[in-house]
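Below are structures written as structure tokens.
What follows is chain A paired twice: with chain B in the first complex and chain C in the second.
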Partner chain A sequence: MMSRFSMLCGEVPALGWLLGILASVTAEYVIGEDLSNILGMDKAPVLFGVLMAFKEPLMIPNLLAYAFIIYVFPAVSTGILTRVPANRLAGRLDHLPVIISGLLHISFLYLIIHFWAGMNDYHLIVIKITMISVILTLSMNVINGYMGEFSCSHPGFMAIGAYTTSVMTLVLFTKSRFGAGPILPEAAGPFVFPIVLVIGGLLTSLAALIVAIPSFRTRGDYLAIISLAFTFMIKSIIENMEIIGGARGLGDQPDFSGLTAVFAWTVLCIWVVNNFVTSVPGKAMNAVRDNESAADAMTVNTRKTKITAFMFGAFWAGVAGGLLAHMLRYINPGTFGLQKLAEIFAMVYFGGLNSIYGSIVGAASISLLGEALRPLELYKWIVIPLLLIIVMIKRPTGLMAFMEFNMKKLLRPRDRGKEEGPVG
Partner chain B sequence: MVYFFQNFLNALQWGSFYALIALGYSMVYGILMLFNFAHGDVFMTGAYIGLGTALFFTMIFSSGAVSVVPGWIILVLTILSSMALASILGMIIERIGYRPLRNAPRASAAITGLMIGIILETGNLAILGAQRFSFPSIIDTVTWEAGGIFFTNKKILIVAVALFLMAALHVFIKKTKWGMAMRAMSYDPLAVPLMGVSVNIVAPMTFAIGSGLAAAAGVLYSMAYPVLDPMMGVNLGWKAFVAAILGGRGSIMGAALAGFILGFIEIFVAMIFPSTLRDLIAYSIILAILTFRPYGFFGQAHSAQLRL
Partner chain C sequence: MKRIFIILSLILVSAAAVSLNSCKARDKNVIRIGLNAPITGDIPKVGEGAKFAAQLWLEDIKKAGGIEVGGKKYPVELIIEDNETKAESAVKASTKLITQDDVMIIIGPFASKQAVPAGGVANNYKTPMVAPWSTNPDTTKNRPYVFRACFLDPFQGPVVANFIKDEFKFKKAAVLFDVASDYPKGLAEFFKLAWEKNNGPGSVVAYESFTTNDKDFSSQLTKIIKSGAQILFVPQYYNEVALIVKQAKELGWKGTIAGSDSWGSAETVKLCGSDCFGKFFSTHYAAAGAKGDTKEFIERYNKKYGYVPDDVSALTWDSLNITKKAIESTGGLTGDIKKDRTAVRDALAKIKKFKGITGEMTYTDSGDPQKCAVIVKINNKGEFEFYKSVCP
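Moving on to the complex of A and B:
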């Protein structure tokens, strides 16, 4: 019975799972409120009921029932029931360029996220923070995982991105402390904001040269110090610049980091980073990591590789910083300190080095865990580090390290007849 | 000039905290080629243990409100007991966070270290709450003046204790059998275990000694700045880490010296420039030093031996 069930589940392609999750989100949307009333809850539990489980342990059976009826049952049953047409469709799409099938899947994913985030504001914030963390983790994985440096400069990169984009949008869209009135109407925001983010990212990459150039001569601990010094210096510079608020911070950014913008940037980031790390310069990074002298002997331009990796990683860190600034709508230099560094490290090393899947899993699990364990208050910061220590001891490079991300493989049909090679 | 000497004394005191903490980083690096990133929080824990033991000893040695033993005995007992307890903590950190990862990529051990540090901070917050404790003033402050410069007995005591501990460490590493084992281990970590010296003894010992020194620094620090706070180890710890690198990895002398140099840089930068620029200028100087001497003052390019 069980094996038959897991075999059926194995036959469901990615499209089927997406449909299934869409079904469960719809189920929550439609009957969530009523069902929670029947089960004796005042309102539908947020974030899969984890928060409520900590507050009222007696409700756990009801919450489990709720989770089963709303999430597990619709997802699994829809997935299994639609597996035949979904496989057929996936098979058709398999012959088309991967971009079409990718776009179809991504729009399904967007629908799911949109519905789930639409249920309440808390979900919206959680999902946006999670997606920004995915960008951050990916960008750090490029430097620390694919490139193998131990760089601590990410909070600094984020700070540069956050502040440059904030200054630009504040100048362009608000009557601000910088004198000029609003130059552009708020309605132009969605079109101008990407340009602002790109400029902010490019400025961040320029600043990354401060860390990248010393990395020609030193590796490991010395680079860690240089990058750490960079983070401290950026923080100190911002604290001393009264025009951008100094230590008091900068607020009232226009609210441009909507769900759509964050989602689009996250997808773009995954796509670009994946293409980058599988390209020739990306493989050169791996070569430099594994053996710099040998890579040099094999005509890899190590300096160019290092500069590219740092600037590329910094660009995305800057974008993430910009998105975060426009989501929180208030930033101060303290946001980008050692605490942030520890958080990003946790995400990167939990998920796994040198892996796109790892970054996504790491960022999502640490930020969702952080939210889910919120009722534990302080003890949250004992549970998460302990978990990470256990992961480090059992799998020193992270949960899903060195796992390649292949869109075509992920989306292909799963029925056994057409299958080639092991499912991975 | 008077102002300069006054600050010189302050810098000496400030530098001795960095030096004592940096020693622990450097010694662990010499043995395991890893940095113990929980070290800053060991310093913090040491200060809190010091608080506890100081309160304990003042309680048992006092009849009514008057203490029956002189303050310096209580201080010595406080420092010694805090060092001993922190050494045990150091060994526990080695056992949990570092021994299972001895052959893993180095970054993984750095992460476990960081996470143990967070656990120590949060554990402290959870147990003692967010209120700040003030360290009891065990000995009365006496101020002397010489040529316009003010000395307090605490300042001199702090510098003296720090220098004494460094000298003791030097003698330990140079003259004792265990010190020899540590030097040998850092010289060749593969051959020494074959000679019957186990890494599983030398590494905990190194952690214990380093943590003991950090705890001593913690008690001394809380004598000078008597308000304790669970996050106090973060900034000091990272800066001491910078000092350890600046001195050259694994170099005991270098770490101590660089600790003092860092203290001097910070105090004198704050003397000349506005104090908000302190970090910026201090780190710029450090970057400049590392540009010209990329392996620190006493470091060598391809070795990280424990050197004296």
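Moving on to the complex of A and C:
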């Protein structure tokens, strides 16, 4: 009976699961409030009820019941019930170019997130910060995971991205400290903001190039020190630049980092990074990591490879910084210090090196754990590092290291016997 | 499968049992107050001081049976959230307090790095917020729902400058400050402006800076001593104050040294020792020789937690009492949290001559209080002794 159940679950394709989760989100939307009242809760529990479980342990059975009725049951039953048509559809889509089926799945995913976050502003902010962390983790994974260098310059990159984009939007859209009045109406924001982010990212890459040229003469510890110095330099430079607020910080950015923008950039980042690391330069990066001399002997231009990877990672860190600045709507050089670095490191090494899945899992679990363990207050910082240590002992390269991300494989139909042909 | 069914039915049955037991919808008759404090991160001592003061305050409220509004007593629930001294986390904590916990008002965050973005959140949701300790003008600027409980640097800088002029009739001043930190830098600028207004341009004869975490100030101090300044103004935190004062003495500085409210921590004298005796600084309240409510607060805090509270605790205490007063003067709560929040905000903006333990406060339209500063002298026992009160 049990094995039949898990076999049934195994037959549900990604599309079916997405439908299932959509069903549970709909369930929460329709009956969530009523059900929580019936179960003696005054409000639908957030973050799957973890916060409440810590506060009122007596309510745990109610929370479990809520989670089962709202999340597990609709998701699993819809998944299993729709598995036949979903598989058929997935089979059809499998023959189309991967971009079409990918877009279809992504729009489903967006719908889910949109509904889930729309019900609750706390969910919204948690999910936005989590997605920005995903971009950051991915971009650091390119340098520290795929290329195998130990770089500590990410907070500096973020700061450059955050400040350059903020200055641009402040000049363009607001009557700001920089004198000029609004040049563009705020309605043009969604169209101009991506361009601003790209420019911010490119400027960050340029800064990365300036660090990369001298610092890639060194490796290992020395690179770590130089890149750390870079982070401090950027912080000091910003602190001493009165025009962008100095140590006081820069505020009042227009509110452009909505859910749609952050989601789109996260998806784009995953797609581009995945393509980059599976391309020829990406494989060259792995070769440089494993053995630089051997890679050099095999005609890989190691210097160029390293600099490309560094600049590529920096670009995405800059974009993440820009998104963060427009979400918080206030930035301060103190935000981009060692604390931030430690946070990104935790996400990268927890999730796993050299892996897209790992970056997503790492970023999501550290951000969500940080929120979910809130009621533990001080002890949170004992529990999370302890988890990190356990992961490091059990899986020294992180939870899901060295895993390839394959869209086609992920989305293929799952009914056994049929369509089992060669995949991806 | 059978086992799953058994487990599930067990869960459902116990859930039903619990909900029958504790069938309660969110009690509309409780006033919830959120505290957004840095319990972990860079400045945990600040979070601790705030938390302790808030718990002390809650004890009083519990003893009194709640806050009385419009003839009805409402019990108070205090919800403390940690913001990890991070801007993102402060925004998340405030959003959670407002949308999940339905708080009526938020106290905190404390450092400006968090108070500015969190103030934006509070203002967007039309929830009043009192930042006890944030001195950045942006925290309350153009935000009708955001208030603060401390005076601002544009006020404190001139207070010190004028005090020195009246007291010592000095003409030449030197300033030593951390250029990388928001608070000292702002204060140094305001002091310089006020001093030069009093004594003419060029009367600040040395304007020297360093960067956070510097430990050796001998080159700056040598310049300052050579410049012939009569007074050195050091708007720094306690750890740097101790270093600077000691090094200045070793290098042969003979003049006076004055500071700002950041000196007002118990640690200052502990680290600095007798070298700091006889120095002056401006602050929110003076612990030694305090009278009335201030004295009572200090004694109770000291008894319960084992040390003399510093200005963060005192300001948190005042913020909570202003909140209490504002809630009381709404004249009655409707039970609709959105309407009540706005009512509390309006009442807060109208508070006049509130007698807090850090002085008398009056709110005008801006969310920044008008209040007096206190000049404190560190006496020969190392206590912070009241010297003079300076009002705007």
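As a convention for this text, the second predicted complex is superposed on the first by the 417 of 424 C-alpha atoms of A that agree within 3 Å, B and C clash if a C-alpha of one lies under 4 Å from a C-alpha of the other, contacts with A are read in each partner's own complex, and residues count from 1 in each chain.
Here, contacts are C-beta pairs under 8 Å (C-beta built on N, C-alpha and C of every residue); 3 or more make two chains touch, one makes a residue touch a chain.
Everything numeric here is computed off the predicted structure, so don't read it as measured data.
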Contacts of A:Gly251 with chain B and chain C, given as first, second, both or neither: second
First, second, both or neither for A:Ser236, with chain B first and chain C second: both
Which of chain B and chain C A:Leu39 touches, first, second, both or neither: second
Chain B versus chain C as contact partner of A:Arg374, first or second or both or neither: second
Which superposed partner A:Ser77 touches (first chain B, second chain C, both, neither): neither
Per-residue contact with chain A, leading partner among chain C and chain B: C
Which of chain B and chain C A:Ser6 touches, first, second, both or neither: neither
Touching partner for A:Ser279 - first (chain B), second (chain C), both, neither: neither
Contacts of A:Ser107 with chain B and chain C, given as first, second, both or neither: neither
Touched partner set for A:Asn291, first chain B, second chain C, both or neither: neither
Chain C-contacting residues of chain A that also contact chain B: 235-236, 239-240, 378, 381
Touching residues on chain C, where the partner in the complex is chain A: 1-4, 8, 11-12, 14-15, 17-27, 39-42, 80-82, 85-89, 91-92, 95-96, 98-100, 112-113, 116-117, 120, 136, 138, 179-182, 185-186, 211
Residue ranges of chain A touching chain C (in the complex, touch as defined): 1-2, 5, 37-40, 42-43, 46, 51, 58-59, 61-62, 64-65, 68, 120-122, 125-126, 129, 235-236, 239-240, 246-249, 251, 324, 328-335, 339, 370-371, 374, 377-378, 380-381
Residues of chain A defined as touching chain B within the complex: 144, 150, 214, 217-218, 220-222, 224-226, 228-229, 232-233, 235-237, 239-240, 338, 342, 345-346, 349, 353, 378-379, 381-382, 385-386, 388-389, 392-393, 396-397
Of chain B, residues touching chain A in the complex: 29, 35, 96-97, 100-101, 104-112, 114-116, 118-119, 121-123, 125-126, 234, 238, 241-242, 245-246, 249, 276-280, 283-284, 286-287, 290-291, 294-295
